[in-house]
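Pasting the structures in now, so scroll down.
In what follows, chain A forms one complex with chain B and a second complex with chain C.
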Partner chain A sequence: MKTKIGIPRALFYYEFASLWVNFFSELGLEVIISPKTNKKIINDGTIAAVDDACIPVKIYHGHVINLRNKVDYLFIPRIMGITKKEYICPKFCGLPEMIKYSVKDLPKLINTKIDLMKKDNLLNQMLEVGYIFINDKKRIVEAYHKAKAIYDYEKSKLKLPLVNNTNNVVIMGHPYILSDDYLNMNIKAKLKKAGLNYLLPEMFDDDILTKYAKQYNGKVFWYFFHQMIGTCFYLLEQKLVEGIIYLSSFGCGIDSVVAETVERNIRRNCDIPFMLLTIDEHSGEGGFNTRLEAFIDMLKWRKQNENYISPYGNYLYTR
Partner chain B sequence: MKITFPHMGTTYIPVKMMLDELNIEAILPPNSNKRTLEIGTKISPEAICVPFKIITGNIIEGIELGANTVFMLTGCGPCRFGIFSCLQEEILKDIGYPVEFITADRFSNYEGLKEFIDRLKEVSESNSTIKIINTIRKGYKMLHEVDELAELTNKIRPREVRKGEVDKKWFNFENEIRKTYGYKAMMNIINKYRYEFNNIEIDQDKDCLKIGLVGEIYTILESYINLYIERKLGNMGIEVVRMASASEFVKEQLDFIPFLKSDKKKIYRAAARYLDIPIGGHAIHTIGNIIRGTNEGFDGFIHLLPFTCMPEIVAGSILPTIEKEQNIPILSLVLDEMTGETGYMTRIEAFIDVVQKRREIKNEGKRLYWN
Partner chain C sequence: MKESVYIGIDVGSVSTNIVLVNENQEILKKMYLRTMGNPINVLQVGLCQLRDEYNDKINVLGVGSTGSGRQLANFIVGADIVKNEITAHAVASSTYVPDVRTILEIGGQDSKIIILRNQTVCDFAMNTVCAAGTGSFIDRQAARLNIPIEDFGDYALKSDNPVRIAGRCAVFAESDMIHKQQLGYSKEDIINGLCEALVRNYLNNIGKGKEILPPIVFQGGVAANKGIKKAFEKALGHEVYVPEHYNVMGALGAALLAQKAVQKAKRTNFLGLNIVDINFQVKGFECPNCPNACEVVGIYKDDNLAARWGDKCGRWADISIESPS
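Coming up: the complex of A and B.
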């Protein structure tokens, strides 16, 4: 029987899925990924996690609970940073502890440290993971390269060919919120249904975002901040979108700073409507939909009245 | 140039002294109070942690008193502190306060320290590098002296014979030192009060419960936001020990200088069983200090953290296990601008009951043994 390794479908899974899954399959393991987030997963996670954790972290706990009896190993890497010299949320570094001390009856955990802040040595770190299963350097390196190629290809597929069509709305937020349709209340489908195209920060070229992030005169030391502020300035200049939605997580220390900075820069520099939607585990879909619909209506109405000038000065926004 | 700077406990004392020494006009905002928090909350993002709100309030109150420049430590780290000043600058810009921010990065290596010195030089045009280095040295010394004074009061308060004496003296101390100018004079006040505190009549044999304060450093040091927890516990007859202090924090930053050894290594070693890697903020200190304190005979710990504080939430998830395995009572108090006095006190009192019972059982055990 093949050894089973479980990967929770949450947090950095969305960033690294194809790399991890293919790497482990190449090593001859059976990879089991938890199902898409559902009510039970959220509930289990909320009960298990510390009260003050943000929902993405609570959901992660739920996915771990879903997997714990189905696998021999759980892959919960300790991610310190994924880009050079940029920090990420401290909860990622402490994730193994949060899980270990909050969830009982765990299978063996793989908590290899992934740190790309100093130099790009992902290969070495994945080697360390591989050695847990086979003592064959050549095979692990091969597995890594195969997986990495697929990963790079998948990433490049996400990128947007630069089209300048209309009816675009950008959704900002953490990738693990934007990719988890249960958590984000299906916002993408809802926008599509209303005849709008959605853009996500991950669709823009990293180099472009880095370039634009430099326009911000403060310090940019989180990877996520850099992505969002870069997207913000890029949009300001390119005028690619008619509306900006920021989906934030209640209790997220990083969103509270990033959303505010993005909002202030947008309001100061242009009249693109901006809306901040905050999600928490108790927020009902009703209220969410009402606000989203109002926002969509406003965009349409603005379009029909192109010459309309806001009576409130040079910006229009809702909160 | 008139410089103001935000509060963090009593750090204003050495900071003001340093500015005095460098002939820069320092504008001291009032100690954080209800109004500070109200103003800060009004113009800060709703979801941000409460230290940000109070600090923003301090800055505004400093500006109201005539400051045109803000001095702040920033520092890069996974924690939000590093980014506070950027966002504050934007907020102030948007509401039309024309102030300049002077920030100094954390000084955890020679370059950082040099940058800090250069920053001070820039601000205080006419001073020489030597004068600045001397001033920094004095600041470092005074930081320690003030922290030691506070530690002293925490020992005396639960044992004082005439209730309220320590608090009254401390109030006078702050009032006096605020109005005093320069290193010499301020040092004199500190010495005078050290003498006075040492001469307060105390009950020598009183056996007090000993509780350690751990957690996020700002919430430990800024008594307004922790609702004066040291004073409250002290007046209940409990000896409180702050397990984080500004002087220790600075010492850790300066740890790279060979002869300045902080407790960092010991703390990390103590924490290792539960958390073997620093994850940012003070999470590893929280864990390490609890283990160290438990071994040193503390009766319990109170863990203070602002709502949404990322590193301390990680620490918080480990605490229930430590509580069980080490058999030590721990109370986590999450603080924000809505923290209400009543509910807060009820929780503290219930906790103290538990701590008291545990101590009684322990003492009885001892007696049985000796019989």
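Coming up: the complex of A and C.
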């Protein structure tokens, strides 16, 4: 029987899924990924995790609980940084410890350190992971290159060709919030239903974001800051969108700086409507929907007005 | 001859408001009823009053619903438009005060600010994680001081010696208030301090970073409180205008939107005022089909299941499927 390795579908899974899954499959392991976030996962996670963690971290705990009895190993890497000279949220480097002390009856944990802040040595770090399972350097290196190629291809598929259609709204925020439709209350589907296209920061080219991030007058400390501020300046210059929605989880330390900086730059430099939505473990979607609907109304109302039609006359949509 | 009217319904957390407007957007009747945790019942009581008073005098052309209970209201009355309360408030305000540039709205459990430029909403904000600085907070403090809420504002106006009360959090405010009270400050001064604290909290939280330009309209149930109005004027340095129908502006907006919607659709979904005779019942269950365990609500019209909602996947939308017991 194949050895089973579990990967929680949360946090950096959304960034690295194809790399990790294909790497382990190439090594001959059976990869088990927890199901999409659901109410039970959130409930289990919030009970297990420390009370002041943000909701994405709590959800991660829930996914670990979902997997713990189904696998031989759990892959919870200690991620220090994924780009040069840029930090990520400190909760990621403490994640293995948080899990170890909050969740009981765990299978073996693999918490290899992944640190790309000094040099790009992802291969060495994945070698370290591979040696846990087989003592065959050649096969591990091969598995890595295969997985990396798929990963790079998947990433490039996300990138947008030049956008020029109207009705675009960008949703900003951590990728693990934007990718988890239970957590983000299905915002993407809701925008689509209202006739709007959504763009995500991950759809923009990395080089473009890096170029625009340089316009920021100050040190770009985090990888996430780099992505968001780059997106922000890119949008300001290109005028690609009619509205900007920033999704943040309550108590996020990084967002307390990034969301604020992004909001300030947008409000000072353009008149594109901006809305910050804070989410936590709410299951009632009422408050979220009210704000989202009002924001969509505002975009439509503005558009009517630009065309010199009565202020709220013609945009109305009935059920 | 029967007068043609539109009905606007705003089902909020604290109050349920119903207005009747004619085709010239003049208000014929307004009702401000306490929701008291039973929106269906309150709505029926309100509509029953309408029927008793107006049944043979009006011809209802359309209905709009808004507020946090807008979907529920829609189901009961059959609305032509279901709109969020931010848009509804903005529509009402900009109809009756055409050049308005800032709307301050404080309701029972939420407060919002709406910024308009050139008669178009260009920004808005709503309180996020905290209900400090909303109507329920004042309600509670009034009850604690044994003052009828209607007199709260008058007390504040009598103050001549401002007392600073911590305003960031309702719990902090309450303990600060008690400490000030034990030091011997007068009720009037403490109440005035509370009004100023609430306004400070509102401007810091909801009004943060917003350009508040006159004309400023203050609406929502709390606008009845003269103390808060005065505190806003003091903090903003501008006159704050409280419209005549300040406490039903959401419902008014819904009625105006219904007028537009019906003009476009040329028909109404309204089920008629006799819906007050129907016995509505709500029964909920937890869906056993997946780990999401959605809380599904079924609404029964005279014991027959009429609609169900609350499930993420939509499997219970088909009412021919029986609810699990």
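In this text, the second predicted complex is superposed on the first by the 305 of 319 C-alpha atoms of A that agree within 3 Å, B and C clash if a C-alpha of one lies under 4 Å from a C-alpha of the other, contacts with A are read in each partner's own complex, and residues count from 1 in each chain.
Operating definition for what follows: a residue touches a chain if its C-beta (ideal position, glycine included) is under 8 Å from a C-beta of that chain, and two chains touch if they have at least 3 such contacts.
Just so we're clear, the structure is a prediction, and the values are computed from it rather than from any experiment.
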(request) After lining both complexes up on chain A, report clash or fit for chain B versus chain C. (result) fit
(message) Looking at A:Ser102, would you say it contacts chain B, chain C, both, or neither? Reply first, second, both or neither.
(response) first
(message) For A:Lys118 in the superposed arrangement: first (chain B), second (chain C), both or neither?
(response) neither
(request) For A:Thr278, select first, second, both or neither according to whether it touches chain B, chain C, the two together, or no partner. (result) both
(request) With the two complexes superposed on chain A, say which partner A:Tyr87 touches: chain B (first), chain C (second), both, or neither. (result) first
(message) Is A:Arg78 touching anything from chain B or chain C once the two structures are fitted on A? First, second, both or neither.
(response) first
(message) Between chain B and chain C, whom does A:Gly286 touch in the aligned arrangement: first, second, both, or neither?
(response) second
(request) Quick one: classify A:Ser256 as touching chain B (first), chain C (second), both or neither. (result) first
(request) Scan A:Met298 for contacts with chain B and chain C and give back first, second, both or neither. (result) second
(message) After superposing the two complexes on chain A, what is the shortest C-alpha distance between chain B and chain C, in Å?
(response) 5
(request) Determine where on chain A the residues touched by chain B overlap those touched by chain C, and list them. (result) 250, 264, 278
(request) Could you pull out which chain C residues touch chain A in their complex? (result) 68, 80-87, 91, 94, 118-124, 126, 128-129, 209, 257, 260-261, 264-265, 290-295
(request) Name, in rising order, each residue of chain A that touches chain C in their complex. (result) 35, 38-41, 182, 250, 263-264, 267, 271, 273-274, 278, 280, 283, 286-287, 289-291, 293-295, 297-298, 301-302, 305, 311-313, 316, 318-319
(request) Provide the residue numbers of chain B that touch chain A in the complex, in ascending order. (result) 45-49, 74, 76-80, 82-83, 85-87, 89-91, 94, 274-275, 277, 279-281, 283, 305, 307-311, 313-318, 320-321, 334
(request) Note which residues of chain A are touching chain B in the complex, please. (result) 49-50, 52-54, 78, 87-91, 93-94, 97-98, 101-102, 113, 217-219, 221-222, 225, 248, 250-257, 259-261, 264-265, 268, 278
